[in-house]
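Shared between the two complexes below is chain A, which has chain B as its partner in the first and chain C in the second.
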Partner chain A sequence: MKMHSELRKHIIDFLNKGLRLDGRAPLEYRKPIKVEYDISKSAEGSARVQIGGTLLMAGIKLSLEKPYPDTPDAGNLMCGAELIPMANPEFELGAPGLQAIELGRIVDRGIRESHVIDTKKLCITPGEKVWGISIDLIPINDSGNLFDASALAALAALKNTRLPKLENEKIDYLTRTDEPLPLSDAEPVSVTVCKIGSHFIIDPTEEEEKVIDARLTVASMKDGTLCALQKGGEETLTSEDIDKMIGIAVEKANELRAAL
Partner chain B sequence: MSKLLVKDKDIAVPGEALAEGMDYLPGNGTYREGDNIHAARLGLVNVDGRAIKIVPLTGRYLPKRGDTIIVKVQEIVMSGWILDTNSAYTAMLNMKDATSEFIQKGSDLTQYFSFGDYIICKIVNVTTQMLIDVTTKGPGLRKLRGGRVIKVNTNKVPRIIGKKGSMVSMIKQATGSRIIVGQNGVIWLEGEDPKMELLAVETINKIAEESHIAGLTDRIKEFLEQQTGKQIELRTEEGEPNDVQ
Partner chain C sequence: MTYNKRLDGRKLDETRPIEAKVGIIERADGSAIFKIGQTIAYAAVYGPRNLYPKFMQDPQKGILRVNYNMMPFSGHGERVRPGGSRRAKEISMVTEKALLPVIDLSDFPNAVVDVFIELPQTDAGTRCAGICAAAMALADAGIMMKDLVSAVAVGCIDGTVIADLNYDEEAFEGKVADIPVAILPNSGEISLLQMDGEVSQENIKDAIELAKKVTKNIYEIQKQALKDKFKVGE
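Up next is the complex of A and B:
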């Protein structure tokens, strides 16, 4: 027998009537969706995102690095998440677990594959010196749907980033210039669509995350182009399911984008 | 000469001096230092004759013998179940306190209570080391099936139950929900239909938020009547308050 089978049954009973445990419709984001910029003095760019009770910070640090051998003329991008016990008692300290790695990678892939950052412009000396962007995601309170909040926070923090002053190929972190990162207006945001029984929901709460059968995180750009997908959960999805979920995600992405 | 430094129903913060002199007695949530009585927690001052106590506004549940609480199965061991009590301490449910059935040695205990199950049980003993023993033998004590579980501030539980269960019975009557309130701030409920269940949840949260404002019962009654469009008559529950069907 699966864990939380009673909870799952109750949630499905509710969904059969078109409602969620917190009174929302199946395809409705929690309120408020809020983005605050420039919350950290020491980061080159930062943002705090709130979706309902979920609160998450993203910070951008820039450094001078050697480019990867296969992309000698492009800047580096790195994305990591740290799931701290303050956000959810189920998180544990220590090396990042599966959940943290997956979260970091989903956000990384959404940003990278949308090519929202023109990494070629981040090159200083080809093969030797490029800007390295590192995105750090820190949930403050996890009440579900960290995926969507993280992707939104990462994009907001990138938009907020200003390059630090460069002197004799050394970074003066204390002086920020007015120069932003070379960003396109693609605005990739992720929407995670979950499947419970035969129902689709978005923005799951912590409770709902425990009982979902499958989830699909869809990162899409402003013009509706998909840039990344990630499937999770134990059950399978049919191709019709995936079509439906992508349709929902692309539509709902605009709601997140409106908060930027 | 003894002197009271605060008024009844004032808000006190930890460390605040409440009274001078030996004529007053320190009650729950207060302590005596020298001749003075100080507050140990954040809450409302209650002066009852010579005794001063504090009705806490915040804080986790503190297990007490005889309390009926709703717990969650956290772990299963050889001799029984270890339970999450929504307090700083876990509780132990021994096999012999769980059922009158004979349980074969080494048998699978999940057939009685499995991981993540919610159980309504009664505290039989709390040791000074805060080891808690509970029992599920007794009227209404059992595993909770279906429905959902919500958590509220433990200190608001008496207001949610109301005098002789009047408040909770009013919610049950208005929404047609089945509700069980645990002393530890865990509440189980299941509605006839989702809308009514949501209303019950909303009402409970409203009570917890507004319990310090006077005229609570009337306000909640008005709220429920407005939401359901039904007339509600106040009544108290006979027998054990907040009992199970």
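Up next is the complex of A and C:
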């Protein structure tokens, strides 16, 4: 944090005047918020999300798997993020680091706990064979706020997914059917609210991310129900802070949903 | 039986539709996208920048480092496990060698120029698409270059020489040779040549000649994409 103390002071000076370095209001998303579907025909479903300068892809691959012992009649879900060095000069090749693991897991929980996927319908033979859904999240350009972009891209890619053809209990990946995944209209998306000094901001740029005190990622559904939370950052939050941040996140989530 | 009608109706020397764009990744020093048919390659260049660990540094000149990667959802069949395979490592290496002859890093001792190639969607010809994208990205990053590099996979099916095989042609039941070629368009020199399959000595000559012809057109597309980025006015 000390490394960026000048930057932090500068950002807080601006926020005291109600402004961000890029001219935005504290609770304003960058523009455009754009979702493109079917950006990879090799995937069973895919999407590319743009929030301002941040670009991120999500792709879905389906496979036939053995169900987990505790859910013998439900499909499997896996969600991972790869912070490839293409997207940010600070990312390195190799096994996923903590940042990538946290990102993948937050998105995973938002999707899983919202029950947006009716996994029971993905069971083929109980205890034997179920559909496995793999969600891969890959930033192309990281100009900040990969959390919100990832959750939005994951949902968009799930919506874009069509099941491949099954033949003798084997997948014919080259033939897609018209059948979508069994999705509810819960539409879980995440909004990350950051605290810096006494200020709250959303959609941090990569510069702002370096100097925030704390962040709260809130995954919520269309009806306002929360489905995952993750507090990050080095400083604490008060319960009043959390109350405020959740309020902001639930309201702002609609702006992301509008892009779907 | 001779293969004289292509599966997708293209002429023998016709590539799939090509699109190229330069400067698509803001944070990179140079970047480009190259699409040929259903194959899409992104390339980003970072550097010259410091190279660590130190023992990898070359005190005479900067080094070029290429990483080729297929995204987990970019394959024709099952999910590709992330983390790099032997295939990806080899392609990274030959791509590096394909690009190295055109760039001059003598002004940057101890530094590295990193090239990252990522494929979100593939339908054969990925290493060539990656090389085309990477050459544009290097130019976009302002790296000193004496030429671009243009690449295409030519091939030979049952004695017929064709340009830019797609996946269906690679998988064609017959004698198929897949021949990726990278060419320095101004000198005509070849910086990448691989082949797998079966091909006669005569056919390989014709195939390389065809690659030279086809890459002329690819070169024009790459050049135009670079010019479009640096256009003044508008």
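One rule holds for everything that comes next: the second predicted complex is superposed on the first by the 259 of 260 C-alpha atoms of A that agree within 3 Å, B and C clash if a C-alpha of one lies under 4 Å from a C-alpha of the other, contacts with A are read in each partner's own complex, and residues count from 1 in each chain.
The rule is simple: a residue touches a chain if its C-beta (ideal position, glycine included) is under 8 Å from a C-beta of that chain, and two chains touch if they have at least 3 such contacts.
These figures come from a predicted structure and were not determined experimentally.
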Taking the superposition on A as described, I'd like to know which of chain B and chain C A:Ala258 touches: first, second, both or neither.
neither
Check whether A:Gly23 is in contact with chain B, with chain C, with both or with neither, and answer first, second, both or neither.
first
On chain A, which partner's contacts cover more residues, chain B's or chain C's?
C
For A:Phe14, select first, second, both or neither according to whether it touches chain B, chain C, the two together, or no partner.
first
Partner chain(s) touched by A:Ile138 [first = chain B, second = chain C, both, neither]
second
With both complexes superposed on chain A, which partner does A:Met3 reach: first (chain B), second (chain C), both or neither?
first
Let me test your reading of the model: by the given contact rule, A:Ala95 touches which partner, first (chain B), second (chain C), both or neither?
second
Residues of chain C touching chain A in their complex?
24-28, 38, 40, 42, 44, 46, 49, 67, 69, 71-79, 82-84, 114, 116, 118, 120-123
Within their complex, chain A touches chain C through residues 39-44, 46, 53, 55, 57, 59-61, 63, 80, 82, 84-89, 93, 95, 134, 136, 138, 140-143, 173-174, 206
In the complex, the residues of chain A that touch chain B are 1, 3-4, 6-7, 9-10, 13-14, 17, 19, 21, 23
List of chain B residues in touch with chain A within their complex
110, 114-118, 145-148, 190, 193-195, 198, 202
